[in-house]
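The structures considered in this document are given below.
Here come two complexes built around subunit A, the first alongside subunit B, the second alongside subunit C.
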Partner chain A sequence: MIVVIAEQRHGKLNRATWETIVGAQQLATATSTPIAVLVPGVNTAGVASELAAAQVQEVVTLEHAALEPYTPDGFTAALQEAVTQLQATYVLLPHTYQTRDFAPKLAARMDRALVTDVTGVKSGSGQTAFVRPMFQGKLTADVVPQGPAPHFITFQIGAYRVDQVAKGTAAAGVRALSIDLDASVIREKPEPPFQQAKQAVDLSQAERIVSVGRGIKEQANIAIAQQLADALGAEIAASRPICDAGWLPMERQVGSSGQTVAPKLYLALGISGAIQHLVGMKGSSTVVAINKDADAPIFEIADYGIVGDLFEIVPAIIEAVKA
Partner chain B sequence: MKIAVCIKQVPTREWQPRLNDDKTWIREQDASFEMNEPDAYALEEALRLKEKHGGEVIVCSAGPARVAQVIREALARGADRAIQVEDDGLASADAFVTSGALAEAMREDSFDLVLTGLQSDDQGFAQVGVILAERLGYPHATIIMEVQVSPSTLREPQGHPEQGRGTTSSGQVGELRVKRELEGGWFQWVAMPLPAVLTIQSGINQLRYATLKGIMAAKKKEIRKVQPSPATAPKQKIASLYAPEKGKKTQIIGGSPAEAAKELVRRLRDEARVIS
Partner chain C sequence: MIQTVAFWILFLTFVGAFAAQVARRVQLIAAAPNTFSLDNLPFRATRFLTDVVLQVRTIRERPVAGLMHAFVFWGFVAFGGYTLVEFMYGLGVMDLTHAWWFELYRLLLAPFAIAVLIGISYLLVRRAFVRPIALGTHVSVESIVIALFITTLMITFLLTFRLDEGTRAAAVNWWVHAIVILAFLALIPASKHFHLVLSPVTVFLKSPELGNLPNLDFEKEQVGLETVKDLGSKMVLDAFTCVECGRCQVNCPAWGAGKELNPKAIILQTQEALLAGDREKKLGEVYSEKVLWQCTTCGACENQCPVGIEHLPVLIGSRRGLVSNGDAPDYLGAMYNNLERRSNIWGLGYDQRTKFVQSAALETFDATQHDVMVWLGCAGSFDADFQKSLRSLFEILRARNVKFGVLSKERCNGDPAKRTGNEYMFQELATANIADLKAAAPRKILTSCPHCVKTIGDDYRKFGYEVEIVHSSVFIEELTRDVIARARHADLSAETSTTVTFHDPCYLGRYAGKVDEPRNLLTRFGADIKEPVRNRDNPYCCGAGGGLLFADKEEEPGSRISDVRFKQLRETGANTVVTACPFCSIMLKGAQASAGADTQFVDLMTFVKERL
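Showing the complex of A and B:
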């Protein structure tokens, strides 16, 4: 059985789960294995019936009071039992922050392979390999998990498109799995999530974004990017290191830890294109990359690229826009 | 507090990748290396905790002989001593092998707190810290942006001039409260007992640099070398490593800066129609 572990909070499904189901369907075809979607937590009924629309063998709920709020100890104990009961050959998860928090622990406890941040599945010649970025996206690897099943795989956010999911002709069956979970094994005491500051800037609605990365070199140079943004009628944004350094406020950060954007135009200045950044902007319709390094991963997803010194090119663009 | 920091040595950001002959790993002889950036933030956080609460910072690294460079750097920045698990095979090891080697070398020290970066800039598993916690039997939290240790839990340094060096944990149960980063600008505080493992997010603090005094002092600090016992069996194999396939057909615009800029603006207006 291929087991997809859905992510939900308070009855609201994390949409990355659907992407993982697309990956599961691809793997199911390659290995002729049925899919079960496992929904851990409390109040799972709504999410379970939503997921039953997918072309999968079954949806299995895993309800236990000790699974809300999320803790790595609670999830590890519960999922070890569930994955074992379901006789999983593969366990697939979206590569969310929550998955990153418990999946390595679960795989280690079961002493099974875990391949993280996967963007694709390759099958053939008797083995299934999982494609993942390495070296900050400068290289790609085909990785084959070793040792006995189940193998744990996490899929990068955005690796598959939600609209590619195959829907079943009828809703899949939903059943509940019961487990014994001793809540005293849980050592972590989580407090409710909060937002640090009111997000004054909603970059997700921006039509055009000029975004700066390490290539901007120093804080004073942000002004050049701001001038370009003004000329294009764009919002200014940045990759994480720029916000870490305090050169732009955190609320202007694009990427997995910041905002997810999908503007008509995303112009990346001196951004190399680490995965954590790309997941936040790869839904943009037109991507322009300006970078001195012709091999920078940002060029892999750019529609237009200029290789060169941004300090020469940006003033020239401002001039050309105004001309 | 006895704080361990696990650091990794990774290729520099400027490194241009070249592959080995069978295309399963990089050509190491062409690479220059540096401290993995998130691990540098973990080290800084450990040094700040020591400054605040007293104790000792022990830097731990698993890799080939070359990792001595980043160990020296960490000692120069203020770590007190180091544990180096040395084996050539660790250069390309997976997270299970690396965390297994670290856990084995670190266990006898009975650390109160273990910090490491949230992931490495080379293989980028984001697994080692969490697996290490499981191997050591400690609770953990990942992607941490703030660390609070409650004062009642601190081990008294009085009467221990070496501040616990070589001794084992007192077994005192302490508590930790950490701010965990969630996606999309959300955070969450999580409390847990010590000892614990935390994976640290970049940007949690401002990094310090080594002083000349620190560099001189580092030369006298202890580096305990450990040979890993016959390694844990690898849990994954790199079948092939290659340059990324382009998802989109990128149109590279050449010419002088002025020419390229003019052509880009033309295409954004006429072809993509995203600017007016």
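Showing the complex of A and C:
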């Protein structure tokens, strides 16, 4: 059995769990092993039924009052028992902060191999290898875990795409697993989670961003960019001068002195691409730049560059998106 | 006889008071870790002559007040022998007052006395009524008293020419003169007038290198300055030498932009903390942590100080103490991450540098084939905007048949780590770069980044690595000297000449002292330079130095330093700003974009290339 350990907090599923399921499905095909998704915590029913949509053999909830709030001792004890009961051959986890906290302890407790930060699965010639970066991504290694099962594997966030998850024809069965958990093994007394000062706009989570620079010329023209953002379902952002001028609020500034963003699509309108701006959006998957100046540095990092007047191009894009 | 005894009593009382106060301060200096150094004696001797004897640094920035001060200073020195003779007479040790040469000496002193009177009157009026901001917000009573003392001394001296010896009036005059000197003496140590005694020593002991920051020795568990007791002996001496003239204050770009940092306050807070005797007090509390992070390390305070105070070792030393305790601001945490993971301040991948090196067709440096190694730096490796100016430099070099190459791999030289107090990271970067440089063995390095000039030139020397590193302005100025004749013959008319203003980078103009080379280049290639306020070796910082490139905190008071500088450059009336440092260029272009101005920016190398 391949066991995927889902991560949820207060009934809200961490999206990275879906990515891990994609990895699990690849591994399942290679090894002809069924998948069970294990959901530890309290009030897991909602998350479990959400996950049941995936093409897996079953979804197993692991409810215990001592699992909320999260503690490494509680999770290690509970998961050790659950993994053993489910007779796991592989235990797959998203490489989240929480996983990083307990997975080494769990693997060490069970004296089993742990491969972390995996970006891919390679199968063939009778063995399965897990690809992971080394030396800060300068090299990648194919790691074949040794020793008795289960092997613990954590997947790097973004290694698999959520939209590649295979959905089942019917919802998978959901059952509850009961375990004995002695709450006295838990030594940690968690404080309430740290809440970062609430930023009204969190651009770092945006999937699409339309960003404006000086090329927008005047405040009234922000509306054009806003229309494009609305059409694309994108957040609007800006480079420093726009926010300095008060045309957009400071919290929408991208760059070394503003927010650091990593959307799937970053549309730069009239942004020259000063390096302080570039360092704030260099993590974007696809950068589309529109600028009159063909020499603008933004074109150095843009995937698609359009040299021209944004006041002609943007309305055409809006038209095309709406069509 | 009674008079002699009375004078002895007075003498011992006042000299005792003086000595007790001095002893306290000397003890504090002696108790501090020894940081005195006497390297480069010829330089120190020359500086002593110019800055102490000739008062050049005092006069340079404030010509009138400085000259008036020089009058008073030279008068003091001239009166030394006179006071000695009169005191020996008063104490009954020896009477030389009737020696033939003493009469002559007195006569020679008369013009000095008049000069002192003019000087001190001017300074008294300036302090009591004009009250420039640099001198503080309220009038110092003690300064007024001292000024009146000096006036009294000069008047009583001049009266000796009018009063007949042996008269009661002459006796009273003598006593007034003597008692004022003794009272003056007792007042000195606890006041800013202690600089009379200390500043010649402090000037002599000041490091010949601006912003001298000796490496921390991690083997000895040095972590920088954490508490008052960590302040080195030179810093303690500095604190007692401060004359509170406020040159550091008015030249500080942070203070000028309305921030809380005031270098003068830093020195006076040091003094206060030392005298309070709280050796365990954290420097972050003595100065306030926030203020320590507002320094751009431009060096203006230290360079303008007429009494030899070094501010940067205190400011950066305290930053070291904070960083060692994990108390760096958040934006630096992000930058340190970039330096640690990617060895550059931007956190970009080095494939981008490789891309640039390939597209600019740069050869890997080979000491047997190349005349000079070009150091690209963080900006040159990654900033597409600055890479344009580097391409101009390469074009000039190729046009002049200079054979050059670059390292196959570079790391940040470590300047942002060094000057924000992350010494450990600096040393990691520096030692790795030095290993690469030693292997490549260039005789000369050429760079367009003034920060690289300072760090590789000065800071790497402290690891025992010596190399000649020059800024492109210096190299290209020398390379194109043959153009002078052409420019003269060209008879530049109004159309062909370009009106520009030049922004001296702090690390070029002030630190490296290269102020003529960029100007020679500009005029050689047809520029008409409109000088901004704060130029040459005392420029107003762009705001990028000391790691502040990444600090753009909205909650900070005042304006952005870059906005203030941009305004100064605008006020020259020139529509073209020539820059010679990638970071100045980034900051000032940012300010221009925010101001919505149509000012043109051009890097010095591109300016030259376009006109070569």
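In the analysis below, the second predicted complex is superposed on the first by the 201 of 323 C-alpha atoms of A that agree within 3 Å, B and C clash if a C-alpha of one lies under 4 Å from a C-alpha of the other, contacts with A are read in each partner's own complex, and residues count from 1 in each chain.
Criterion: a contact is a pair of C-beta atoms (placed from the backbone, for glycine too) under 8 Å apart; a residue touches a chain by one contact, two chains touch by 3 or more.
What you are looking at is a predicted structure, and each value in this text was computed from that prediction instead of being measured.
Touch criterion met: A:300 reaches subunit B and subunit C at once. Residue contacts after overlaying the shared chain place A:244 against subunit B and subunit C alike. Touch criterion met: A:100 reaches subunit B, while subunit C stays clear of it.
Contacts of A:187 after superposition: subunit B is touched, whereas subunit C is not reached.
Contact with subunit B, but none with subunit C, is seen for A:135 once the two complexes are overlaid on the shared chain.
In the superposition on chain A, A:257 makes contact with both subunit B and subunit C. In the superposition on chain A, contact is made by A:275 with both subunit B and subunit C. Once the two structures are overlaid, the count of subunit A residues touched is higher for B than for its counterpart among subunit B and subunit C. The contact surfaces that subunit B and subunit C form on subunit A in the two complexes overlap at residues 136, 214, 240-241, 244, 250, 256-257, 275, 295, 297, 300. By the touch criterion stated above, subunit A contacts subunit C in their complex at residues 136, 214, 239-241, 244-245, 250, 256-257, 273-276, 278-279, 282, 295, 297, 300. Residue ranges on subunit C touching subunit A, taken from their complex, read 331, 341, 346-348, 379, 382-386, 388, 549-554, 586, 589-590, 593-594, 596.
Those residues of subunit B whose C-beta lies close enough to touch subunit A in the complex are 11, 13, 16-17, 19, 26, 95-96, 99, 118, 121-127, 130-131, 133-135, 139-143, 180-193, 201-203, 233-253, 257-258, 260-262, 264-265, 267-268, 272, 274-276. Listing the residues of subunit A that touch subunit B in their complex gives 72-73, 96-97, 100-105, 107-109, 112-117, 127, 129, 133-147, 187-196, 199, 208, 214, 232-233, 240-241, 243-244, 250-251, 256-260, 264-265, 272, 275, 285-289, 295, 297, 299-309, 312-313, 316-317, 319-321, 323.
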